[in-house]
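Labels for the chains are A, B, C and D, by order of writing; each one numbers its residues from 1.
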Amino acid sequence: MNKLHCDLGKLILKNPVTVASGTFGSGKEFKDFYDLSQLGGIMVKGTTLLPRRGNQPQRLVETAGGVINSIGLANGGVDDFLNNILPEAKDYGTAIIVNISGDTTDDYGRMAEKLSVPGVAALEVNISCPNVKHGGIAFGTVPDMAREVATMVKNNTDLPVIMKLSPNVTNIAEMGAAVESGGADIISMINTLIGMAIDIKNRKPIIKHIMGGYSGPPIKPVALRMVYQVYKTVKIPIIGMGGIMNTEDAIEFIMAGASAVSVGTANFVDPYTPLNIIQGLNKYVEENGLSSYKEIIGAVHR
Amino acid sequence: MIYKEIGKVLENKALIKDSIYLITIDLQNIAKEALPGQFVEIKTGDLPLLRKPISIFDVDKNNGLVSLLYQVRGKGTKNLSGFKSGEYIDIIGPLGNGFTIDKKEQEILLVGGGIGIAPLYYLGKELKSKGNSLKFILGYSCKDESYAVDFFRQVAEVEISTMDGSLGCKGHVGRIVEKLDISKVTAIYACGPEPMLKYLKKFEQEVDLELSLEAYMGCGLGACISCVCEKTDGSYARVCKDGPVFKGKEISFNE
Amino acid sequence: MNKLHCDLGKLILKNPVTVASGTFGSGKEFKDFYDLSQLGGIMVKGTTLLPRRGNQPQRLVETAGGVINSIGLANGGVDDFLNNILPEAKDYGTAIIVNISGDTTDDYGRMAEKLSVPGVAALEVNISCPNVKHGGIAFGTVPDMAREVATMVKNNTDLPVIMKLSPNVTNIAEMGAAVESGGADIISMINTLIGMAIDIKNRKPIIKHIMGGYSGPPIKPVALRMVYQVYKTVKIPIIGMGGIMNTEDAIEFIMAGASAVSVGTANFVDPYTPLNIIQGLNKYVEENGLSSYKEIIGAVHR
Amino acid sequence: MIYKEIGKVLENKALIKDSIYLITIDLQNIAKEALPGQFVEIKTGDLPLLRKPISIFDVDKNNGLVSLLYQVRGKGTKNLSGFKSGEYIDIIGPLGNGFTIDKKEQEILLVGGGIGIAPLYYLGKELKSKGNSLKFILGYSCKDESYAVDFFRQVAEVEISTMDGSLGCKGHVGRIVEKLDISKVTAIYACGPEPMLKYLKKFEQEVDLELSLEAYMGCGLGACISCVCEKTDGSYARVCKDGPVFKGKEISFNE
């Protein structure tokens, strides 16, 4: 029996190790390194209804042991994804999960509809982006807006819907509850913290867009805490992420309440990180005599 | 094919103490496929977290060796300078597109500014082996901070400019280029600081101009779309995957 | 002229480098290292109306290049401070700023009154603690509650009032505006992010209290971003902190909008950090030909 | 007086490879004031961020040297083991209170478990110089993981226990203590794992029992109040400042 068999309700993965949106392209860029079918799933890079050029560079910088990025959702749009990316990706032999972002609630609905095609395993809904109809406040910071997006996506697809929470909120448990009540099947968390770095020589923000999303090892303690809090509040499964670099990190997230994990920034550091973690989890399960890794999901709550 | 290799360092020697180093690493797979103008991504230590992009300076295909010429700037390159012979280093490559090398019997200028000279050596060797006639134009800040000139001399004629005039022509490399009879030149390949590349753009109509760019990189693999430069048509291209080498005409230096 | 002379409105410091509450005791513990009169000011460790034993240990752990702590405001209470700590501290020759925490808005008022004595230079009001009358929600996460505390403290003292913002909120600018409208003279920011670390061997949180405050270098990008946002919103001066380890970090905060800085976790790493920064700022001001460090306050906004 | 010193490493040698090390450092000020049972806080590298508390194993007051006996556990102690003779290391100390040493002509047991033996050597030397009669009782996990015994033998009689019985008495150090005629003993000083200290608490009425505790430390200076242990009266004491040595009676091991 596969002791890493991962059951997220409507979404079944061969193992609980996925790769995080925006850090793995569509998978193609990592194909030289290993057979992608070994992965639990790929969260494809953020897709929007229409193509986007993205933000002006400099878009990324390393700081404080982590990374700040402001890519601005550069992508070819949903039609490009369907026509040019999915046909190849659907044969990778792993769950292709499409990460979608919208300017309005309607955008999300239209994308959900368009993406409900064979080859797409699930939708991951990025709500860290601004709602242009509400003065640019991020969907993911207002429970009602997040709930509405969840419902809108659910109403336009039969695919499992993963709502991806933003950590830049006062009450993450409330956000988890909101998307659950909106119909989300799964929660993924966390997206990046908002951060900034300054070039003191030029007296300017290093990132052209001023602020960006902060990811990597430094955000792990915040991510773990939030997974812990949301696990206490919701019944739906959680995909945990934020600074996962190795097996120990992944186990921390699972013990905090995650049923699966996602590897992000670590892919830049070592593309083999997801494989190492799959191997490490297998070893951990054996060494601890577990019948399935599921035995440790939420272990710190017991 | 892109490889992740843990290569043994054969030599890591300072050309200028605490500043310019030449490292040679046993990287069998990368050496096999490396093209001039491509680069590698190096894990230099626990921190910095990100790998550091460094151009391929030379390749010894017979022995599976890759050499890199680098300048110590911050923590990553400082770490790199600390590797000793016999130690192992974690490298991904070869990455990027590289310069166009299917040229024959042409007259080609290879222009490098500062550490931007790094990719031109292997490039020059390849182009020369195809019967092209070459000239290197290398720019440094001053005589004391010039390096690796002898390498280039072994391949072809070298002209040098320094900002303070302490070696060769005074001023940036443009001072040399503008004195040349450019009408016989069919291609200019260049790598160096942006002002230098911008200057060379004025030859984009007359010659095949190829420019190797730099950008801050996350993945180095084309996945994160962070390393973009603006193209003439207003779109963005990834320096790590679509570049680092671009046709002069393709690139706008507006941003 | 002293080019580091620091004018925070009602509060004047000899230089803009202070030490953060909870990381420097009352100063006494650092007296062996250097003459404390060199410091811009000391934010004394968190004081409450009544003595507190604090949380059960383990109270602190290093993780992800930072530190998580959950001390639980262990302290002898405000009377102990007045009787046993202040008499010595007031002769250190630096501004003694008392950091106060309350269970209720009234607590803050009573402490402000009691602490309005000679020798106290200002009050720093920690609002990251729970409001026991509002189901334990932290004062610093609800604008109205934070404003009320500011007003309550202002009404009970003539000392300069520094409101210390919690970063665990959706909208930090709104919190800044709230305390400003409540009468705050100065804002200090940021307090710790809420984080967690898990001992996977024992399947338990490492910190006995489960979650704790995350500080040190990893939080700097978030802190800088928040100082930047609050500077845009308020007119009162800001004391910036969060992972400041050296002069460059301090300059980043000043350029983001801080008029002074506070050194926290770095005191554990090198007790001389505040002095090194004072020296470094003096050097920076000289080398850049500034007439005062003030020229770079908020420089990235220009 | 507490000092921050950058001391030169004179020697850093493995007593058990990759596990137990003895380092000797030139620390003029700290050596001058160090008392038995005190400790130092060491900056072992960029990361870990925090300093690491290590007990003072020995002091050479004439030459201003401090020796530390330590076990490699995680990144901090691993870094420490990498320091080479001639390198410099950043240390704060001496910290904490230390054991009571104004005893004369008494019969004293010095009980150490594992790396907890570290503070007992300097302590033993001091107590012996005051005419006390001593016995060391040292507990290890097994013969192969025993170390530093010869140091202690030079000071006084040593009895050893190992968990597997491969050296000395089988079991924890209590196995030895319980066989002794405790009626003549006036004091027991101990350092080691909590179960061992807990066991010794049963002698708190009969002898002067002093226990050196461990706790996770932030500042090591008494400022952050993170390193607390619970006292019998229910209050908390700071291990770094009020300790690390406490009277047996003072400490409750409830938490």
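General observations
We take it that a residue touches a chain if its C-beta (ideal position, glycine included) is under 8 Å from a C-beta of that chain, and two chains touch if they have at least 3 such contacts.
Predicted model, so just to flag it, every value in this text is computed and none were measured.
The chains that touch both chain B and chain C are A, D. Taking each chain's centre as the mean of its C-alpha atoms, the one that lies farthest from the centre of chain A is D.
Note: centroid distance chain A to chain D, computed from Cα atoms, is 48 Å. Distance between chain centres (mean CA atoms), chain A to chain C: 34 Å. Averaging C-alpha coordinates per chain places the centre of chain A 36 Å away from that of chain B. If each chain is reduced to the centroid of its CA atoms, chain B and chain D end up 56 Å from each other. Counting only residues that touch two or more partner chains, chain B has 47.
Counting only residues that touch two or more partner chains, chain A has 65-66, 217. Taken chain by chain, the contacts form a single closed ring in which each chain touches exactly two others.
By the document's touch criterion, interfaces exist between A-B, A-C, B-D, C-D. On the side of chain A, the complex with chain B involves touching residues 22-25, 29-30, 32-33, 45, 53-54, 56-62, 65-67, 69, 71, 74-75, 216-217, 265, 267-272. Against chain A, the residues of chain B that register as touching in their complex are 1-4, 43, 47-51, 90, 92, 215-229, 234-236, 241, 255.
By the touch criterion given at the top, residues 46-47 of chain B touch chain D in their complex. Across the complex, chain C meets chain A through its residues 63-66, 68, 141, 168-171, 193-198, 200, 203-205, 210-211, 214, 217-222, 224-225, 228, 243, 248, 251-252, 255-256, 296, 299-300, 302.
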